[in-house]
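Right after this note come the structures.
Two complexes, one shared chain (chain A), two partners (chain B, chain C).
Let's look at the complex of A and B:
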């Protein structure tokens, strides 16, 4: 008992409520989910929660085409969007950095997509891409560029394209704002020195600006990989995995299997795959961030 | 400073301005179009050929979703709005209190297992909401917490606490330890020193942490959509899906609801900007 009254206990006491909440809402559910992924739990038959089936759920997943399609599509989706967001965010930050007047207003506008709930972003693009009343088709139509409405969200390939556009709209700002902060912190002397030594703008960018910005790129990548699953909300309202499963991501497939087909055991197995996916992406970029920081160590 | 460095020709300057302009248009137009739609009559939105310049502006879409128009079956948007406010504010206030305690512990004390605990909190953030909703649904159903505000508030606490700890840890680290030590030498207890010295200095940081927490809860969909059922606890993002039937979508009604979801977020983001600047200046004060 004496430990809890001693000053050594203070930090633990301060952290206790937070620990209890995380245990109760994250850790215990994850254990339940882990157990469930080894059972044939079906929501409609409560007794099946204790029907242990070993690795059967995982074996079935590995042999299931729908799962592999959703998994592959999710990886491709994350890779394409993160890379494009990085490139576009960098471009936007470089452009805004060149503007000397009204920069604060520009930054406020750049924060605009960040206040949107992902479900709102989804709704917004569902509306813009709608084939009958959408802004995009209406504009193309009135400009005389098309005579038939383009079925943005009805055709498989176009629907994937539309979802990627929505995701990029939502998250490019994260990169742009962080990289702009990086550009503003960029020391001027090395650039001036390089200019004096006869480097052209591209060489300055490639060998001075870009290496300096890399830690900021990795911070943005880490933040983004933490919340990649936000795309679920967006896809849920835009296509809900349709047409005919052509935009199904791991996250939408999981809820379909779990809640609609009531196969909770199977869904939780998929949940674990998605958790590992998030951790791998986050950890990868976090390691890169730490690496870039040590590389920068001399400069800071 | 910048003028000296840049050796742009006039056409390059104009190209940059044009690029920025296009980017800003892309960032603003989608949202603005939804806001405009919220104030337009349904006929005009559905008209073919498209009506670009609004002929009539109306508040009927807003009255409609609150059930104040006799012609239209209203949705319980009023209760959704209240639920959203109650759940977001309550979970934010508690998350900030608990997260601040945790952040202070990490910033000011050395103790065994510190690094592991910190990593644990951060790892809990990597679990996607959708994946977490599956086991939470099972447990909450057994505990009778499905479709209660309490159930959702507790979940949002867990979502917001790690981030709050991470932010407040940073804010408290920025405040020199000497300040509270000086106060303690002058006769304050550690508790008094915290409230009189460190808390006021960290206040603007805490305010921005609170706004992040509020926005996270306010905008959350994946967990809320599975853990709520009726007007007892359904929040605005979940309510937005009420408007989509299998084949029809009420565009103007949904836009009106979207505006209601955006307004608090918009107001708070402007506040957060002010506080971010305040946070930067108090960073300068310490030096």
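Let's look at the complex of A and C:
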């Protein structure tokens, strides 16, 4: 009996529709974009799709300071944003977990920032941080805390800070929801036992709650690292990578090169180099996740 | 086959009729019963009023219009580029813009071959000239944008200011005639944080355009006739220095390096700027008491000249184009002409936009005076003067790419990270690579 007619082939046959769809939607575009990174593909000149240029795009990329600054800046951006979101999300989740009356309503309200489109969040914060007519400067003036307007979106450190604030505002609730799910799954017995044994709240948190939550934390970090690395709409609206490229992240650079300059071949080359970033983060968090889960099973 | 023959016959008859009645200036919109014209139009409140005329065209010609896509110009540009890349041009008429048109290659037809000269003569000559790419008329312009000065009359007419200015500079206080005067007055009026002299576009094509305006006003240009970048000339350095001097003197808001048109418009409407070099589309907003604090004291003046005595005249026109792949080009051309004919231009002008037909300027000023909108009548009179010196950015496909190199360089010079000469030299070197890659520069 040939393989395809034997019972062993059944799982593969059943999976075949899904495999075909994934190949069509994921693999084919990946292969095409990989191919274009070796060509001088220009969006408005479709014939350039077949103009093979070898490693020229990658060579130009290696010597391109702007790209590597954007790469480094994106790494720093992801690191700071993820850590702050985790701390704030954890705090929010712990607080919401303690509420007995109206918890569901509060959970829903907590999720509002997530529901905004990133472009709208970008516009909202661009106007909040506007130095002449923005709410924040006006509030600080009225409170007498400043006498000269603060250029939130112009100064190097402040501009990056403003973008981080906007990103944290929008996405902390994702962390909070995921961690809240973890808190709800927390078994009560170990905590009660610890209290009976005389542990104070901090010790309970540090030795029981937190280790149990770590798998949830790492799952949330993995998912969020991919989202934050893709930050584009918000940054484009708020500063478009400026002034003088001091807030340039990978995606504002790639989109400008790919869609405004129509240099799709080069943009795809940038994309493949930045995949390294995503792979590193995902790999790191996944290792930590697996490590945390062994602890959760009580193996230690 | 038969339909094409029929269309050809109709077109010939129309042409013969037009030729026979050379004195009659009426454009024949043709009859296209049962045909559905697919169009991709630019969306947004200021553009959509014109589309209320579409049912009139449908009644006139018997055709139907299907608006396949209606987006802002960024998204529309991306969509059109994707259509070109995938080869799926299933639509006939598209919204276009003189700054974007050169990128689209041979997507659009040469309208000179389909629209009689008598009709083309009704358009403002300079505007029509800027709608050509490589000698082909790829678009019919619908409204033109050219920047001129808005200013706060209360500041200029105040006796105290006039006395102080006269004492400091020895001349009377009046809206600036040159860019140097503009800078001088902006610094004079600035009293941060309550009021600033002016604000300028600090990023994207906005900054490149303003830089180009001052560069040209000083007698320089972006490229020479062989497409070699020459914007790092002394005129270019002087242009960058203009921005930098204003920024260092704090005569502009500190955040101006991140401002786009919206931010500047809001600041002017909030009364925070003394003078603003800006687009005609803002006139309605600035003079409406519901949205602007300076409505009662809004003054108009023509844009300043540079050291060479010329104006920069950065202008662009929104327009309509007809695709090569269109299966009924006569209907498409008829639609494009209809949306830019005398009545359509009058509708656009009444909303405060600069029309593209010569006759409309005179008619609309009369209309404003008759309808108690004296300020708009004044504005049109002032703005029309600057149309003769209006110029577009270089009409070459690489303009946006080159612009994306220039504005970060000018930003770096303004905030002091590089000197103006260093920044422009670096940008010129990168622009040279782009023009070489494109095969334009040998």
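Here is the rule we go by: the second predicted complex is superposed on the first by the 242 of 300 C-alpha atoms of A that agree within 3 Å, B and C clash if a C-alpha of one lies under 4 Å from a C-alpha of the other, contacts with A are read in each partner's own complex, and residues count from 1 in each chain.
As a convention for this text, contacts are C-beta pairs under 8 Å (C-beta built on N, C-alpha and C of every residue); 3 or more make two chains touch, one makes a residue touch a chain.
Small disclaimer: the values here were computed from a predicted structure and weren't measured.
**Student:** Figure out whether A:261 sits in contact with chain B (first) or chain C (second), or with both, or with neither.
**Tutor:** A:261: touches chain C, not chain B.
**Student:** If we overlay the two complexes on their shared chain A, which of chain B and chain C does A:17 touch? Say first, second, both or neither.
**Tutor:** first
**Student:** Thinking of the overlay built on chain A, is A:245 touched by chain B (first), by chain C (second), by both, or by neither?
**Tutor:** A:245 sits against chain C, while chain B stays out of touch.
**Student:** Classify the contacts of A:141 with the two partner chains as first (chain B alone), second (chain C alone), both, or neither.
**Tutor:** both
**Student:** State whether chain B or chain C is in contact with more residues of chain A in the superposed arrangement.
**Tutor:** Partner touching more chain A residues in the overlay: B.
**Student:** Return first, second, both or neither, reflecting whether A:45 touches chain B, chain C, both chains, or no partner chain.
**Tutor:** So A:45 only meets chain C here.
**Student:** Which of the two partners, first being chain B and second being chain C, lies in contact with A:149: first, second, both, or neither?
**Tutor:** A:149 contacts chain C only, not chain B.
**Student:** Does the superposition put A:92 against chain B (first), chain C (second), both, or neither?
**Tutor:** A:92 contacts chain B only, not chain C.
**Student:** Would you sort A:133 into first (chain B), second (chain C), both or neither based on which partner it touches?
**Tutor:** Both partners, chain B and chain C.
**Student:** Which chain A residues come up in both lists, the one for chain B and the one for chain C?
**Tutor:** Common interface on chain A, chain B vs chain C: 130, 132-133, 141, 259.
**Student:** Taking the complex as given, what residues does chain A use to touch chain B?
**Tutor:** Interface residues on chain A, with respect to chain B: 8, 10-12, 14-15, 17-19, 21-22, 24-30, 32-33, 36, 41, 49, 92, 95-96, 98-100, 106, 108-120, 123-128, 130, 132-133, 135, 138, 141-142, 169, 173, 188, 191-192, 195, 226, 228-229, 232-233, 236-237, 251, 254-255, 258-259, 264, 267-268, 271-272, 274-275, 278-279, 282.
**Student:** Inside the complex, what are the residues of chain A that reach chain C?
**Tutor:** The touching residues are 40, 43-46, 130-133, 141, 147-154, 159, 238-245, 256, 259-263.
**Student:** Considering the complex alone, what residue numbers of chain B touch chain A?
**Tutor:** Interface residues on chain B, with respect to chain A: 1-3, 5-6, 8, 16-17, 19-20, 23-24, 26-31, 33-34, 37, 45-46, 49-50, 52, 98-99, 101-102, 104-106, 108-109, 111, 114, 117, 120-121, 123-139, 154-155, 157-158, 161-162, 165, 215, 218-222, 225-226, 237, 240-241, 244, 249, 251, 254-255, 258, 261-262, 265-266, 268-270, 273.
**Student:** So in the complex, the part of chain C that touches chain A is made up of which residues?
**Tutor:** Listed in rising order, the residues are 78, 81-82, 84-87, 103-105, 192-193, 196, 199, 202-204, 253-255, 257-258, 263, 266-267, 270, 272, 397, 400-401, 404, 407-408, 411-412, 414-415, 417, 437.
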